[in-house]
Structures are given as structure tokens and as C-alpha cells.
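Sharing a structure here in C-alpha cells format.
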Amino acid sequence: MTLALAVDIGLALLILAMAAWTIAVRDTFASVIGFVTYGLLLTLVWVRLALPDVALTEAAMGGGLTGALLIGAAARLRRTEATVRERPGVFTRTLAAVLSATVTAALSFCVLNLPDPAPTLAPGAAAKLGSTGVGNPVTAVLLAYRSMDTLLEAIVVLIALFGVWSLAHDRFWGGCPQLRTHADSEGILAYFARILPPIGIIVGVYIFWIGADFPGGKFQGATILAAMWLLVIGAGLAHFPPVSQAWLRILLVAGPLVFMAIGFAGIVTAGAVFAYPDGFAKPLILAIEIALMPTLVLALALLVAGAPQRMPPQ
Amino acid sequence: MKIALDIFTIFSVMAGAFFFLAGTVGLLRFPDPLTRLHALTKADNLGLGLVVLGLLPQTHWPLDTIKLIAIWLFALLAGATVGQLMACTARRGGGQPK
Amino acid sequence: MTTSGLLIATAIGTPFAMLLACLIPAFRKRMPPLLGLAPIPALAAALLADDTLLMFGNAQFKLAFAMDKPGTMLLTVAAILWIASGFYATTWLRNTGHAGSFVVCWLMTLTGCVGVFLAADLLGFYFLLAVLSVGASGLVLQGGTSKALRASAVYLGVALLAEAFLLAGLVMLAWVMPHGSLLIRDAAAAISTSPWRDLTLALLVVGLGMKAGLVPLHFWMPLAYDAAPMPASAVMSGAVVKASALALIRFLPFDAALPEFGLPLAAIGFFGAFYGVVIGLTQSKPKLILAYSSVSQMGFLVAVIGMGLAVGDSGSALAACFYAAHHLLAKGALFLAVGVFATTGRHRLWLVLLPAAVLALGIGGLPLTGGAMAKLAVKPIMGDGFVGLLANLSAIGTTMLMLHFISRLVTSTASIPSTSAPVCLASPWLLMFIAAIALPWTLYPMTGIGIWSYALQPEILWAASWPILIGIMPMFVLWRWRKALPQMPEGDLIVIGERALRKVITWGDGLEWAEGWLRRWPVATMMLLALAVFFGETLIGWR
Amino acid sequence: MNGPTLFGLCAAALIGFGLYGLIVNPQPLRKIIGFNIIGSGVFLLFGTIARRGAAAGMGGDPVPQALLITGIVVAFSATALAVALLLRLFDEGGVVTLVSEASPTEAKADPPDA
Amino acid sequence: MPHSLSAQDVTTPGGLLLVLAILIPFIGMLIGFVFGGGKAMRVALATLAVGLAIVIAIAKALVQSGDAVIYILGGWMPPLGVALRADGLSVVMLLAIAVVICGIGVYARADFGSPSGVKEARAPLTFWLLLLAVWGSLNLVFVSGDLFTLYVALELLTFAAVPLVSLDGRSETVRSALRYLLYALLGSVLYLLGAVLLYGVYGTLDIPLLAMRVRPEPVAWAALALMISGLLAKTALFPLHLWLPPAHAGAPAAASAVLSGLVIKGSWFLAVRLWFDVFAGVVTLPSAQTLGTLGAAAILVGNVVALRQTRLKLLIAYSTVAQIGYLFLMFPLATGLSSAGLDSAVAVNGGMLQAISHAMAKAAMFMAAGLIYTTLGHDRVADLRGMTSTLPMTVLAFALAGASLIGLPPSGGFLAKWLLISAAITTLQWWWALLMLVGGLLTSVYVFIVVVRSLAPAHDGWKPKLPVPRYQQAAVLALALCSFLLGAAVLCPLDVMQIGRTVSRNTLLP
């Protein structure tokens, strides 16, 4: 029973307690707050599992943006809390509990039976790390070995954005999304929104930049920059561009298109799509990441903002 | 010298933990939102300060130390802003009935 | 492409081409007068083509057509009926509105009918039978009344049910065919050697029996023939029903004696023969009486096939075919006669009644008519014992039914006594009458069943005539107490079927509620988890 | 019982909680939270496998880490779409629940769908 | 080339076409998004044409090489990198989906042409972008050889399909879309959980490598159970079909055609890929019988409830629920064949043909229902008078599509039934054959009802609400004819579907 194990057990119990509370509590708003806390605790677990990249992503995406999204939704839906009262009966709840417990038991059995010399692709990845010219193996996997997944990743985010925008009313199409805030421009939030973003942008770019060799990367950096943009708009100092804006659409589309262009260029220079010529891997990867940054920042922020709600000021 | 620094770290982190405890007790015991806010922002920020202070000697100089201090400053900034905002909302009575 | 191959191709090709031409409205309007011409290539093919195989398609799958002996005989006769009914339909269409859909259904049925007669491989046969069924149900729909809609729905329902059985049978047949060939020729041989012989035979007989109006599933026939327009009834009762009879003759293995399969089939056939007569006597509308006579005759035909199968004599296939050919001619002519009668006044009656009476009694086996020849051809298979007696009894029953038909026919003449049937209605009927009399005589020696001199011996003639005489006596008794007979509803069994269907629909409510309950969120998600757990358990079960 | 296995069991338990929450809670927002908890459970399981695969001088197998990051971003996009649908349902004035008022089979008055 | 390519998988000549087949639709979507407005439709239609050409080129490459078309992405060998693999099954599905999407594209030009006054309207732009997204993700599902890329493809498919359901924004359709999204997400999370377990035990997510490494052990059973039930949830097999009827009936006609004809085929194909390629050794006959029983329940309940529907689109939606049952009858038959040591190709071909003919027939049926709705103003089945006179080609298309679903010759449905019944007979599982015949009869009842109701002459003085352009009817008829004449596929010389399928052809069960 080393000290580390004790900490792990404590953390695990804390997380399970928080998850149970989030599910069981009656009031939805409290449940959302519980979920945000749960997300941040989960970041600690990733640190304990020595996976810093994932910890950063979880903190930024799981705790931060998802939390903002859910808190916004919970605040607006608080009034409908009373209407939906019919909680399923005892029998349904017990049956659901039994089924969930069976699934958990099966999974636990599988976890305990995982093979001991755990099969891993780490040696293979480490061997070929040199040719990708990137120090951080996770970034190497993301942008070299399995670059198709990352491209599809960006396309998933864009399609989700199209889906969210398709939910606008026809009369608001081409208008601007809105954050439901009632901040006054002289208040403390405006002051906060003037001080934090510059530092935030530096931190975001820094995380994006060191992603090549140390834990970090474009997703985490883009999330931080998106958060800063949301903060500024939330404080009322700026507002979202209209959906039909040309530069907005070009920037949104630029990331994947540049990625594909470099990918197809790979046929000529390195004999396969998404292959990098020897020696030029790092600059190309950086070019792709730089192209993807604006796409991700805009897309993630607009996903939180939701469908366009009002016509652009003529 | 190393031992002295270690002892300093232990004590300072213990003090920090104590202030966190005080803040949490304040959160649970105080009657209305404003007092609870007061307890939280004061105690937790101080606790965090002490913890950071305790950890300073453990980190090697240029980069990590600055990062640690920056974390504390961000926490202060965020705590103050959010505290002030929640206080305004609480005063206007628009907040949670609880 | 040999000449006979060309002939066969044109036989199916012309009606199919005309059907495709109907897609363009302009051609469709000018199509009615051509209806009579469409079957002529089929008649030419029947008379001239020999039995070479005509193949389409590549190595893996061939669509094959051929002209075997039963096919020749039946196609000749059917083609004549189609020509006569085609001319009849042309005049009939002149005074009805929507000719377009009638023409499309008519040509589709014609293509299907000729195709089935010529089809030589399983897939081609099944496809053309489907075309035939859909076309025929469309023809029934042309009746225009709500009764026609119901009759067409029942017809299509039974046809699709029959095709489901047939598909299962054909698949089991195809699975056992020698080195994957799909030819019907090898089918008969393959059946007797296949491991699932009884199941395959049962499926084929049930499938084709349903389309041939075998008794327990015959209820669609009276409904359809009564509701369909006159030329359509003639064609359907004649050619369309014979298509499935021909298929039975082709598929069943006559060379090997199968008493345990043939006898029950014969029993069902005889039961159908008598059932048709009994129900027919209670009907009043001439078309319904004819329909029930068809049920009875098809029953008798199936009995002949059953006996042939039991005895295992391959000649019986040809005899059954001859019997079917005669019935086709006679029944087609009688249906047209009903149409002609409906348009002639009381005074002009004699000119039309005499031939109709001769034809009607011919079905019963009146000597010197085709009917007697048919009964004679079938006699050796029936033998003289109990089965021979049954055959004579059915002849008596048919004669009684025909007399009842003639008496009902006389009362159903046109209202204005002096009108006579328009020439272009009467002429196709007369053509059919001459064919019904002359053709059996010519076909009898030509197909080698027997020779004239044998058929004309006095004791043969007497053996054919005493059932007719006996048949006449009870008619006087029956004619006086006609009112006392119970009035059976048209489709007899169908009425019970519809009541059962209504009860089944009420179960549907419960099922729909259960389905609605299954679509509630908690239930569906728990069902998903339960399925995952159960699925895992079935995987473990293997150890 | 070492660190990764412990968190593996914790992941299994989280998936169980998430499933329970997804099934039982009538509120769609609570169902979205349930879905997120299941997602984080699955990702935690993936993280455990990554940690167990630590070799060649790396803290964890990089391939599952990369897939994890992609998974988290996909889960976020899914949540964003679900919340957008929820808010649109709220704007339409409809009761924010998954149970449709008139179950489709009895929807006699057929709404004009383009 | 920096890496030595082991003999196991190497990029074949046609390989690059696979990458194009996936990325061209997405590039078209992105460019269409930037142009926006009316130009988006033109870009989409151009992409449809280019995509169709690419798919035909892939088919040619497959037939010429006689083996699966493979492409190693980025040159990184599979355990580390991702390989795209198209064998006979994938290419046949690629072709079928391409044809159906082109038909839908031509049909949707009228419904989703951008209105003249407005620079850009919401529904048309969304429809064209999401149509291309659905196509790209389906191509990825058919072609990808890596389980995680397939997970991302499933998510792409769901995110592209859900907004199609709530395209007209009524609260009922938004609720159906939300219900569909949540249930599909639950399905894909279970699928991901299975994939994670597989990676945890076998250290790779590549299909051929997994096929070699998977052994019948607890983790493999758990993974298979989770992945298959997740995919069943996304394919809406009977007990898990809560989202399908309201979603497919509420969506506009072209969108319903995409949802019913194409989207459910993606997760079904993935289930086939897992069952026959990855878990060939783990699969047992009882588990296959479970899938068959669920399919049987789907056929019976789906058809009976379809009979009782009053609205045409709901009737067709429940008919989809029933036809999905047919798709799952292939599993017990194929497993029965391979456990009897015979070649399971007959059942697999039957299942694929059933899927392809259903895709075309169902798309044609929904589009026909859309035309009927535009002309009549309502789609109550009881009152379809006069449709044959006003829309002859549409009713003919509906009838032909119905005939293909019933399984009348020469339709694709008939050929599929012929193959499946012969498989059922050889493995002595005659009850599946009986079930298929009963299902065909039930289907024939409601197809007959709709066709006969539309044959009735219209009320005098009735005029159609909106004239329907002829090319729309032509597109619907073309698709219905494709499905109806699919039976002729038996004439093509070689068995395209089984090319390159070395993995599962006749693996004997332990």
C-alpha cells in the first residue's frame, strides 16, 4: 500500500462519489455544476496516469467548454424544471441499476483479465519518431501516423457546426449567434475580459507551439483561444460575426483544405497521401497545425455559441 | 540547507491545507451567500498562496517557478472576479433561492 | 437461330413488344383492334416449331424456351381461344370507357400465358407465372365494380401465396438438379431422386394447385370469373388456369409410380369435382355456374393427373393434356356464349341456343363431341373399378350442372326480344364453337392417343351416352324445387376467411400498443443493454 | 492492484453510473450529462490501457492517447449538437422531454412537413 | 520511401482512388459551404458526378486486379498507420450508394433549389452540405480498415444524418432528431468501448491483423457483444427501433430517402464486416440465431404495424423497420453454412443483394411519397385518389419498388430471397425460408393497398396542389427500375462480391 496507491484510491473514490452525486441529485443546475467538478477531477486522474496531453485536453475541453455549454443550457432550461416531473417507477430504476451493474461487472472482469505484457505500439512509434521530425510522440501519432483521423476530426467538428447552424430559424439565417449574457460594459467582467485575453492568447499559442516536442498541441491551444474569444464576447466587448461572412467561412474551411492539399502533395514528394518527404516533416506538420488553428478556434467557439439568433446589424 | 527548505515546505503546505479546511467549513456553516463568498475567496486564496509558497523551493528556478506564481495570480484574478459577480447577483436577489 | 427458335421468339416477342408500346399513350389508344392479332404468332409457333431449345443469357444463367408435346397441344388451343377472345374484346372495348388499362393488362396476361406455355427453365417459368398472375389480377380489376376490387385483391393474394409455396419448391428443386442446370426437362427426373422429394412435391402441388383452383383454395375462381369482364373471364377460365395445369403435368415425375402421392391427389381432385357440381347447382348467375363447373373440371383434371402419377404411366400426361385442351375450348366458348346470349333477344334465341347446348353437354361427355373424346382418352388411366365409377358419376354431375346452366342461360337474354347479337360478337363465338367441335377430333389421332375407328365403335358411343341420359332425369325434379335450394354466397369459403381476418386485425391493436410501449426511452435503452448482456451470454454458451 | 487497474475499475463503474443516468433521468439535459459520463468512462478505460502500454521510454502508449484526444473532441461536438437541439426544442415552446406528445401512430392531424 | 513495406499489405494500383472516394465529397462540401447560396447546389451536383466516376474506376480496378484494392495511408504500415481496404462487398456497396445518392441529388434539385429572392436559404444549403457529408462518411465506412477510423466515420454519419431529420424545424421533428442523436450516440459509445477492449488485449485496431489475433476468450466475447449491440442500436433493428419511425417520417422526402436508404446501411455494413472479417473465429451459432430471431421479430411486427398506419410516410418508415429484419437473416444462414464447413458466400451475397435492392427501392418509395405529398397536400393512405392519372410514373415507380421489396422476379429482392432460401435449405434452417415468404406476403398487402387506392379515379374537379416537374418523377422511376432489374445481376459473369474476401470465406468453426 504505497502512498501513491493511497492517493489513487482516494482520487478514484472522490470521482465515483462526484459522478454518483451528479446522477442522483434532483436539481439539474446542481447536476451540471457537479459534472464540471467531475471533469476537473478527471484531469487529476489523467495526471496520475502520466498522460499529460490528455490531461490538458480534458481540462480544456471536458471541464471547460463542455461545462460552459451545459451551464448555459441549464440556466435557460431552469424554468422547465417543474414541468417534467414523471420520474420512472421503482421497478424501472432497479432494472436499470441491475443492467448497468451487469455491464460494469463484465467490464471489470475484462479489465482484470487484460494480458500482462500489455501489447503496445510504443516501441514502433518511438522507432519511427525520428522520421516525423516531431519530439512529442502523441503529436507524431496525431499528425503523421494516423493523420487521416485528425483530418476527419476537424471535419466532424465542422459538420457538427453545420448541424447546429441548421437549427436556426429561417428568418435568422445569415445572422449572428449570441451568448445570453447581461453584462454591463463597465462591470468587473469587462475589466476581467480586458486583462485575461492577452495572457490567455500567449498561453494558448505557447501550448500550441510546444506541442511539437512536449505535451500540448493544437486542440488544447485552440480551446484556450476559443475560451478567450468567448470571454470577450461574453463580457459584451465584441460580438460574433454573421454566419454568412465570407472570411469566417474561408477561415473555417482553410484548415482541412490545407491539410488535404499537403496530404495530396505527399503523393509527389513522398509516394503516398499524407506522407511527408524526409527532412520536411516538421515544417509541413507545423504548416498544417497553423492552418488548423483558426478553424478549430472559430468552430469550437461557435459550437458553444449555438445557432444564429439575430440578424446582423444592417 | 536542503532539510530546512523541506521542513519549510511541509509546514507551509500544512498551513495552506488548514486555510482550505477553514474555507470549506465557512462554506458549509455560514448562513447566506454573501458571507459564504467572503469565506471562500479569502480562505482559499490564502491557502493557495501558502501552498505555492511552500512549493517554490522544490521547483528549479526560471520556468517552473514563474509558472507556479502565474497559477496563483490567475487563481486570485479569477476568484476575485467571480466573487464580485456572484455578490452582485446575490445582492440583486436574482441568484439561487437556496 | 433455327426457324423454330425464331418462331418461339416471335410468339413471346410480339405481345411483349405491344405491351412495351403501350407505354406511349398514342400507341395505347390504337391498340384495341390489334388485340386479336397478338396471339397469331403463338399459334404459328405451336403449329410449326419443333422442340429445339431456344437459349438467352450467358454461361452462368440461361433463359430457355422450348416447345414440348403437351405444350404444343395446349398452346395451339389456347392461341385460338386468345384470338377469338381478342376480337370479342375489341368489340366489347368499343362501348366501355377506359380501354388503356384493359389493353395493358390483357397484353401482360397474354405475354405471361404464352411465356408459361413455352418456358423451359425454372427461373423463366417463375417470372412469367408472376407476370401472368399480376396481369390476370389487373384484368379482374377492369370489372370496375367494388366486387371486382375485392375479387382482384383475393386473386392477387392467392396468387402471391401460391408463388411463395412455388418459390420454396423451385428452390428445393434447383438445389437438387444435376450439375446446376435449371431446365424443367431435368426437373421431373431430379425430383424422384432428391432427398426432400415428398416436401418438394407437396410444395409444388400446393403452389400450382392453388393457381389451378384445387378445392380447399378455389374460392378466388368464382369471385374472379364473375367480376371480370366477359372476354377476360373466357381467357382466364380457359388459358390462364391451364397454364398451372400444364406446369403440374411437366413437373410431376410420371415415369416412377408414386401411389402414396398420386392417390391422395386423385382423392382431392374427385372431391373438388363433386364439390364444384354441388355448389354450382345452388347458383343462379350463368357466369357463376360456369365458374363452379371450371372448379369441378379442374378437380377432375387433377384427379386424372393424380391417377397417372399413382399408376406411373407416362402416357397419362398426354391424355390429361388432351382433356385440358378440350375443356379450354369448351369453357372459353361457353363464356363467350354467355356474352352473346346477353345481347340476343328472345326471338333470335334458337340460332344461338343449339350450339351452346351442344357445347355444354359436350363437357359432360355427349357422344360425337370433343368431350366424349376427352373422356375416352382419359378412360384407360381411370380403369373400370371404383375410380371408373367415380369418373362416370362426375360425368353425370357435370351434365346436371350444364343443364342447370342452360336453363339459367335461357332466362338471361337481352330485354328487347327482337335484337340479335352484333356480328363481330357472334363471329368469334362461332369460331370458338367450330374449334371446340373440330379440334378435338383432329388432335385425337394426330397426338397418337387413339384412332377414329376405335372411337366410333357402338359400345364406346353407348358407354359415353348413358351417363348423359341418367344426368337428365334428376334435372326435372330439381327444376321444380329450385326455390328450395339454399342460396350459397359467391366465394363460399372466402366469407369465413374474411371474418377470420377481421378477428386477426383486432390482435393488431395489442401488437401496436406493445410496439408503442417498446419505443419508450427507458424501455428501449434497457432493451439495448439486456440485448448486449444476452448476446455475450450466447457467445459464452459455445464452450 | 496497481494504479492503472484501479482506474480501469473506476472507469467501469463510471460507465455503469452513466448508463443508469442515461436510462433513468427523464430530463434530456441529464441524459446528455449521463452520456458524457459514459464517454469519460470509456476514455478513462482507454487511458488505463495507454498507461499499461508504457514502453520504450514513454509514459504511455501514444496511439491510444491520440485516439483519446480525438474521442474527447468528438464527444464535445456531440454534446454541442445535442444541446443545440435541446435549446431549439425549448425555443419551439415544446415541453423539453423525449416523450412525444402525440405518439406518431395517432398523429391524426398530419402536420405540414415539406 | 522511408519505410519497408512488409509483404502482408501493400498499396495496390487503384489504391489512390479510395482516398479520393472519401475526400472528394468532403472537399465538395467545404467548397460548397464557402460559396454558399445557389452555387452550393451546383458544386454538390458536380461532386456527385465526379464521385460516381471515381467509384466506377474503383470497381474497374477491383475487377481487373481480381483482389482487394488496398491503400496504406502515409506509407505507415497498419499496426501503427491506417490502411484503406476495398474488397468485393465494399465496392458493391460503394456502387449502390453512389447510384442512389445521384438519384436523390437529381430529385432534390426541385425541393432544395435555392429560392430566387433570397441570396442563401437555410434548408437548401444544409441539405446539400449534409448530403455530401453522408456520402463521404458512408464511403469511409465501406473502405476503412481500422476500427477507430470506422468509429469516427460512424460519428460523421450520425452528425450528418441528425440535422436532416429536423430540417423543417417543427418541434416534433426536433424532438425526433434529439431522440435519434442520443440513441445513436449510445450505440457508438458501446461500439467504441468494444474497440477499446480489443486494443487493450490485441494491441491493434487493423481488421486483418485483428482477424489473425482474435481468439474466443472472455474479452473478445464482451467486445463482440458490445460492438454488435451498439451497431444494432444505430441500425434500429426491431426492439431498438424507437427513433426510426418518427425520424424518417418527419423528415422531408429527399432527406427520408437518404436516412432510410443509405444511413442505416452504414452501421449494418460495419456489423457484417465485424461478424465475417474480425470475429469469424469467435462467432457462435446461438449468437447468430439471436440476430436471426430479432430479424424475424422485426419482419413480423414491422409489417403488421405498417399495415395499420394511416399516413403513407409512416407506413414506409415501418416498412423500413421490417426490411431491416431481412438484412439480419443473413447472419444465421452464413454462420450455419460455415459451421457446416460449406462456403458461406451464398448467404453473404444474398444479404448484400437484399441491402442494395432495399436501398434503391426504399429511396424510390420515400421520394414517390414526397411527390404524392406535394401533389395531394396530404399523405393519408385512405385518400390517394387520382394519383395514377396525375402521377403515372410515380405510382409505377412505387409499384416497382414494392415488387422489389416483396421479392417478385426479376427484382433484386427476388434474387436475394432465392439465395437466402437456398442457403436456408442447405443448412436445414427452413424456418427462415418460411419467415421470408410470410414477410413477402405481408409486404405485398400494404403495397397492394397503396397502389389500388391510387388507381381509383380522382374526385371530379380536383386539381393537384402543386405541379411536379417531370425530371423528379423520372429520377424516382429510374431508381425503382434499378432495384426492379437488379435481378439481372445474376447474368454478370463473375461473383464480384467475393473478390478479395480471403478472410472469412470458409473458416471452419472450432
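We call the chains A, B, C, D and E, going by the order they appear; numbering starts again at 1 in every chain.
Throughout what follows, a contact is a pair of C-beta atoms (placed from the backbone, for glycine too) under 8 Å apart; a residue touches a chain by one contact, two chains touch by 3 or more.
These figures come from a predicted structure and were not determined experimentally.
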item	value
Chain-contact steps, minimal, separating chain E from chain A	1
Separation of chain C from chain B in steps, with touching chains one step apart	2
Chain whose Cα mean lies nearest the overall Cα mean	E
Most widely separated chain from chain C, with each centre as the mean of CA atoms	B
Chain pair, most C-beta pairs within the contact cut-off	A-D
Intercentroid distance (Cα basis), chain E paired with chain C, Å	42
For chain B paired with chain E, centre-to-centre distance based on mean C-alpha positions, whole Å	57
Centre-to-centre distance between chain B and chain A (centres being mean Cα positions), rounded to whole Å	27
Centre distance in Å when chain D and chain E are each reduced to the mean of their C-alpha atoms	25
Shared interface positions of chain D, touching two or more other chains	15, 19, 22-24, 32, 45, 48-49, 52-53, 63, 67, 70, 74, 77-78, 81, 85-86, 88, 98, 105
Chain C, residues touching no fewer than two other chains	512, 519-522, 525-526, 529, 532-533, 536
Per-residue multi-chain contacts in chain A, two or more chains	88, 92, 96, 99-100, 103, 106-107, 114, 118-121, 125, 145-146, 149, 153, 156, 160, 163, 167, 169
Pairwise chain contacts, counting only pairs that touch as defined	A-B, A-C, A-D, A-E, C-D, C-E, D-E
Residues of chain A defined as touching chain E within the complex	106-107, 109-110, 113-115, 118-121, 124-125, 128, 131, 144-149, 152-153, 155-156, 158-160, 162-163, 165-170, 173-174, 244, 246, 249-250, 252-253, 256-257, 260, 266-267, 270-276, 278
Chain A residues within the chain D interface of the complex	4-5, 8-9, 12, 15-16, 19-20, 22-23, 28, 31-32, 35, 38-39, 42, 45-46, 48-54, 57-58, 61-62, 65-66, 69-70, 72-74, 76-77, 80, 83-84, 86-88, 92-93, 96-97, 99-101, 103-105, 107-108, 111-112, 114, 118-123, 125-127, 137-138, 140-142, 145-146, 149-150, 153, 156-157, 160, 163-164, 167, 169, 217, 219, 300, 303-304, 306-307
Chain A - residues contacting chain C, complex	88, 92, 95-96, 99-100, 102-103, 106
Interfacial residue positions of chain C with respect to chain D in the complex	512, 516, 519-522, 525-526, 529
Touching residues on chain A, where the partner in the complex is chain B	29, 187-189, 191-192, 195-196, 199
